[in-house]
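Same chain, two partners: chain A is paired with chain B first, then with chain C.
The block that comes next holds the complex of A and B.
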């Protein structure tokens, strides 16, 4: 029974990891950019929601809604004024710029908010639970998992059903030909990063509600997100969800065996998949 | 028409003479220098060594690793392990640290090379995390809280008695002098080895793989072999440095020894600010790094914020770093690796 319980907890936790990963995957898919500051941007988002909650006296969901356009603008500007300048054949400059950004964000958060851990409060929703047969499932983990599915559905609709998505795919396949068709790759990149930041604020909301956070936890979120993307296979958002679930399940089952093994078990699961299926479980892209 | 291939420049001849004078001076420095200066220089030399190895990986090999802290930590822990569990002297244990880091690099490379391009970077980071979490389970070496070198081991480290007699000083000072000399030897050997490597055919092959994989393959370079060799060499050098740093600290914990900020972020900023892909760059970078540190170290977070911002600005506006700016303006290269054709003047006159 404990095993079944941790299995379900793990699957639901996987939804959160898929949310961490979706933005990373979107940006990589379109412009082959690995944003090493992705985890720190999620933590930044959580602090932004915290700030809005206390400033405007909102509940966390409304605060995330208010933060969303701001995050879009931030992502758009980050891409337009910084990252677009360093994108190119050489992978080194964008990696080093985003690594620098990661260190800057962490320390700015540390300077403004101190190292004390914080939490977002979702009121009674946090403790509410639903009895499914013999298992009690928290409403909040369930909501996170459903949100992950909705985010992936919406992203897939955007990518495969809209003209913006067509431009995304065209730029991803061949930016030069896409620009002959009137698409401006750099504008597309900026919109894509803005969109990824909206996913980031959703991930930030649930990160903050589900557990404590402090300025130093960004890199670990980046690593979970990355593992989910690689396990799932590049270019497949459903694969990313599957990857998130595998890490989540490995962590919760590892933790039931020995609490010290929680994080390590997730990493080991990642290595095993990398060993057996280096291209991931549901690969779509070939690069 | 006859010609010769030259690598040497007049600036590099000057640099060679300068180095030949500087090295003996550096060796006899403990005769005059204060203990705090020796400690600062120890810090400079070890950071410079780490920076040179990372620069070889990223700047020359195109392998951007964000997981070099794995080898610093593993080297350091292997050193502590051989001292505490096997009763070795700390000095040969440093070598054990390098070898264990090299062994760790085998599975690391096996997994990380399965990841393409930019994902390689995070892959190395994951493996560093795995190593940190695993080492934290090692209860005999203090688990998550860490441990210290036992007094019995630090009391009679090899050579320390000799240095004590030679300089007529306390054990603690003699230990610092020993650490300083070892760091000096390590940094000289590192720069010499990397410079030698870059001037051989293997160095050419390395640059060719970084610049154009297909073209390198077509002229018979085996890119996998060259990447493996570089990665293993860098792991060995980084592990030695880690072991030496922790011999001097004499106290270790997983969070400190596997710190991504201390052993990778600082190193990356040193290389990027100084100038990536040159040997001079990290030397200049470590000086800037030290200046910034003495200005801002008391404001811990601001120090890191400014390092990060400077790193970003350099990448945006001067991607070849300070040394790149300097060398573009003046044409000076102290450690040239470019091969230039020089026409034989005598013969062209006869013609």
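The block that comes next holds the complex of A and C.
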């Protein structure tokens, strides 16, 4: 019974990791850019929601909704004015720029909010649970998991059912030929990063509700996100969800055996998948 | 006024100069064939006109408007479409999606839409949901041609349509050109297959080492003259 409970909690935790990773996967899939500041942007999003909650007296969900267009604009500008300038054949410049951005975000948050831990409150939702047979499942973890599925469904609809999505895929395949079709690759990259930032604010909402956060936790979220993306297969959103679930299940089962093994178990699961399937479980062609 | 004109057009790959002062005109409804050996600068000419390679603004004019400085997507939106060398279909898009992206942004209203492209190339109809790159070379070329037509171009740039294809397939592809011309497009066709190029063109230019070495109508040019211009030999 404990094992079954750990398994279910792990799957639900995987939803949160998939949300951490979905934006990273989207950006990587379209422009082959690894954004090392992704985890810090999630933490920044959590602080932004906290600010809106205190300034406008909103609940956290409404605050995330208000923050979403701002985050889209932030992502769009970040790509247009910073990242587009360093994208090219050499992968090092964007890595260095996003690494620098990560440090800047952490220090700005530290100066503004101090190193004290914060948390977002979702009221009674945090403690509500649902009995499924002998297992009690928290409503919030369930909501997070369902949100992850909805986010991936929506992103897949955009990518595979819209003109914008065709432009995303064409630009990812061959930006020069895409430009001959009238597509502006740099604009497409900016829209993609804006979209990724909307996913980031959803991840930030659930990060802040589910656990404490402080300015320094971004890089660890980036590692979970990165592992989920690699396990799933680069650029595959359903693969990213699967990767998140594998890390989540490994962590909860590891913690059940010994609480000190929680984080280590997730990393070991990542290494094992990497050994067996170096290209990930669901490479992009399966989407 | 010419529909499209180049004036002392130059092009560079880094420090390497590919074009040396090309002067060309294309009239409304005209088909111009550019022939020449490998490395003559034919594809560089089309890549420069389409905006993939940069050039000074005044070196390319569309109805007198300088367009040389524009990006490829801006030039496409003005009605200049290109069928690139080697087809360059998008691997992650199906045949139909490859065609649809040709009309991205609904650039110009006109004759060409999905139905008319499928009528022009019926072989694509049953394969519309397959990945574009899973088709045979000839069918891929049909998709590349249809994709360019979907933007309803005023000027269609065709870069080596016959490349790597069997003669019977090339013949089938060239049979589509009368209908393409009737739709109102003016064409610049870059070809190594001189016979095909001469058949469909109103005027022929021969290039060598980034220069135009011969120009005239197919009736004016003998095979000896073309041979000399093509290989840079003195006429006997």
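Assorted remarks:
Just so we're on the same page, the second predicted complex is superposed on the first by the 284 of 287 C-alpha atoms of A that agree within 3 Å, B and C clash if a C-alpha of one lies under 4 Å from a C-alpha of the other, contacts with A are read in each partner's own complex, and residues count from 1 in each chain.
The definition used in the following text is that a residue touches a chain if its C-beta (ideal position, glycine included) is under 8 Å from a C-beta of that chain, and two chains touch if they have at least 3 such contacts.
Since the structure is predicted, the reported quantities are computational estimates derived from the model, not experimental observations.
Using the contact criterion defined above for the overlaid structures, shared-chain residue A:96 touches chain B, although it does not reach chain C. Touching more residues of chain A than its counterpart among chain B and chain C is B. By the touch criterion defined above, A:34 reaches chain B but does not reach chain C. With both structures placed on the common chain, the touch criterion links A:85 to chain B but leaves chain C unconnected. After overlaying the two complexes on the shared chain, residue contacts for A:222 are found with chain B alone; chain C is out of touch. Using the contact criterion defined above for the overlaid structures, shared-chain residue A:125 touches neither chain B nor chain C, since it reaches no partner. Contacts of A:181 after superposition: chain C is touched, whereas chain B is not reached.
Once chain A of one complex is fitted onto chain A of the other, the partner contacts of A:169 are limited to chain C, with no touch recorded for chain B.
Look at A:278: by the touch rule set out above, it reaches chain B but stays clear of chain C. Once the two complexes are laid over each other on the shared chain, residue contacts for A:268 go to chain B alone; chain C is not touched. Shared contact residues of chain A with chain B and chain C: none.
Residue ranges of chain A in contact with chain B, taken from their complex: 28, 32-34, 36, 82, 85-86, 91-97, 99-104, 106-108, 110-111, 219-220, 222-223, 226-227, 230, 260, 263-264, 267-268, 270-271, 274-275, 278, 287. Residue ranges of chain C in contact with chain A, taken from their complex: 50-52, 71-73, 76-77, 81-82, 84, 88, 90-93, 97, 100-102, 104-105, 107, 147, 151.
Across the complex, chain C is touched by residues 163, 166-167, 169-170, 172-174, 176-184, 284 of chain A.
Those residues of chain B lying in contact with chain A across their complex are 58, 62, 64, 66, 111, 114-119, 121-123, 125-126, 129-130, 133-134, 136-137, 260-261, 265, 268-269, 272, 276, 301-302, 304-305, 307-309, 311-312, 315-316, 319.
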